[in-house]
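Below: one structure in structure tokens.
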């Protein structure tokens, strides 16, 4: 049985304006989490917000059973969460969802992340046992950028861009990535971030013939696969399924069938 | 382990307790079976079934509102055949009543659904004539006396299992709709389905839901649901299953006092996967605290001022 | 200090801003004048007036529900004559529009009220045909096309001031009711009044309200109110005043986008006596942030998905 | 103009199980409060509870601008309030309502309180400048009783009862009071507590020809007199009003016309 957990918050800190790092102690999640999975958090008691908020797992410390998430304060839920203090209880379910496909076959991996999409990629870099790991991460500007030290630690090559050029390359991270993919034969690409960015990454990977995984976002109800709120369009690829359907796509659940999907399954790259 | 305190009978179906997972919020039980023991539930009303598989509406399909949610799933489901083949056998492993929630675009579709499901192991039908999220049919049958009369009468002919008719709250007078369902053969009434609502993203200046409108559920609707449960229970003789915003045993007790013989729990499962189980225990504590011998001791026992 | 950004005109009445205190939540302005400068409000809709003084319903008259309240005041008011003599002179000291909310048991009573008030300094009428808390008349006029048509037509004859018809949400199809009001002479529509609800004290096993039922208002109803505002604004040409659950400028913007030309704020005054003033400022900030020149730039400007 | 105040909480302590004493700093309230008035508190931010909760003022320290309230944890609102911590902000409106009539004419005063009704009476005893003050206070049992030291300090004579006799007299406080009124010629009686208790007090005072004031409770909406939610029946006494009405009573607002009313105005003693 999967538990609904009530865990102790160890740390909750504003890293840069409106980006918070929260660490909580959870044996169950720390021991079971895989990169790409998320936790679903009740951000306040009572009805001030009701639905749980999905947040990717950014790091786990399996020795001490610490789980780290990094989140942006956006609306009501994350605002409440931002005020949690050390010692408070976190009502959390997880780990949830399909993780990134990690295999020893992939010797040379790349991650491409933008904004809040970088957090699950950090966990992936850390967990990946290969020796060649390249990270492309993009930020709006210098004020937004976080966890650079951690990315430096777990990636062999790190490329950074900011929209305004206040740090690293000025422009889109996809420019750097398209450059990278031209020079380097990656075995797999993992991407998470704004849809427009992921679309470019999927296209470039596809053209280069490299498999690619995307991590999607959608508004969720249950977070466990029961309510069908969180769907996205996914191409029908298997021949048997194609035969049974006159459609080229079907809706899949981000919370259960995803959040990680193969780039080429992601219907028309982006949700039209 | 059944407990006579909580046993109820609805239209001939014996429930070990009066707490049923509400249609559309519990899928076909698989996901919640990873969190709770489905054997402990009074019943499960499955996701609305249609004759053919349906993809449902575009996402986003859910929005949070004050103490509520709007949903516009649009009846995504694998179709009745896949349900019978793939889902029902799973559900029947558990000792709990299985209610088939059915929806169609035409009365004929409803009848065909009833016919197909009558020979399966389901325990009852729940006629969904109240889903606000699909363009054709469905809710149109549910909001007039003529509509509800006609569909109930027709579908009833094909039902070899008890027929629960689920009412929409989006009507001027729910009493007359309930009486029409009763008069035309409904074995029980369930209510309320969701209330039509809208939420707007003021920065994008568009509705949050891709479908523009959605159905409101959750705590916000509770006082409306309790009122309608009372109204309906006071005019029909058949059992009433109440729902709308139940989050706790206390909430459930309001519905029992108002006249419900059982309750359904929907939205709150999302917030707390243990919701149904906790509510069962809380109802039991309440009955025990007041030394009641049976849930029947409180059903409809509200005293008006 | 008027500000052209926020100016609106509703049925010929010029409002300095589109925020009006909702009827029944603001008395005759006296109490809130101790907290805020009434000159800053777009308008005040006064407590529902009847021909004769009314004592209203038994207490308790209010209950809290999830994100909402139920009230069953029952139109306690000093009667129209006392209003004209004792309250209106006080209100007219302020530079804000005064809307007389009127309610009666018979159409004749409404007409007499309109006649009496037509020669006073009020700026407009708000026809309350939607109060769920009184036994006779009132809501009965508001929930059918025939009822609303007849009363609007009759009362209009006696109105020398613009006539706003306030709709009840307790109907199957609010569009047809709104169109009937428009067709019969309404100069504007306001909506929504409260939704009929019930809350039960599970320990006393009685309704919390002495009147058993009450009208639901507050944040809980907002998605329903926004939906109805959108529906009505899309079928009538006369201005629509939206309300139901507004607590902030963001909430108000939802109503403007949905098609409201002004909003009313009710329940939230109780929680925060500064609510109206803060909402005016928040609307202004939103318009300024997006560089709009006028509130008209957002009225009805929702883009459906 | 009357302000909506955001004041600092100085202290919040559970005195006995489920009875809390909360002290906050508020110059406005401390300087303006009169015995019998109340404050109206938003017990949590957001919508977990929405209406404010009325609580009587139990004590003020005008030198330091401290205001004390004592409240019982009953439902959602008081539950939230009970978790407020020192340094938190209290969203409060007050002082509100009509206070007890205190006059130098009243040389010999008595207060009769039961349960949570005793708190406003303590403030009254403290503020009253007369030398003869008698207090009758009743509790359910020993576990409930609070603020005894304070009552001893401000009353010249203190009578205590408990329903179960676990402290003081066993039985109703009205027994002690009826005894008291037989032996002592009070100039005025003030009472606050359960309706049944107040009814007995009003009757006994009436029979003894002593003026009496009651403090009533009712569910409130606005708390400031605008919504007419909180009414109670009050006898029509003035001759001119009687002429204009064919009723013997009218509804008056507990929040604005009360909470303190004259015993003889309180229609039929109790709200039928």
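Residue numbering begins at 1 within each chain, and the chains themselves are lettered A, B, C and D in the order written.
Rule of thumb we're sticking to: a residue touches a chain if its C-beta (ideal position, glycine included) is under 8 Å from a C-beta of that chain, and two chains touch if they have at least 3 such contacts.
Note that the coordinates shown come from a computational prediction; the quantities given were computed from them, not determined experimentally.
Shared contact partners of subunit C and subunit D are absent. A separation of 35 Å divides the Cα centre of subunit A from that of subunit B.
Between subunit B and subunit C, the centres computed from C-alpha atoms are 34 Å apart. Subunit D has its Cα centroid 57 Å from the Cα centroid of subunit A. Chain geometry summary: the mean Cα position of subunit A and that of subunit C are 47 Å apart.
With touch defined as above, residues shared between interfaces to two or more other chains in subunit D number as follows: 47. Listed for subunit C are residues 66-68, 218-219, each touching two or more other chains. Taken pairwise by the contact criterion, the protein chains form one closed cycle in which every chain touches exactly two others. Every pair of chains in contact is given here: A-B, A-D, B-C, C-D.
On subunit D, the positions that touch subunit A within their shared complex are 44-48. Taken together, the subunit D residues at the contact with subunit C in this complex read 1-4, 42, 47, 49-52, 93, 218-232, 247, 250-251, 256, 271.
Taken in their complex, subunit C has these residues touching subunit B: 58, 65-68, 70, 143-144, 170-172, 195-200, 202, 205-207, 209-214, 216, 218-224, 226-227, 230, 245, 250, 253-254, 257-258, 286, 298, 301-305. By the touch rule above, subunit C contacts subunit D in their complex via residues 24-27, 30-32, 34-36, 47, 55-56, 59-64, 66-69, 71, 73, 76, 208, 218-219, 267, 269-274.
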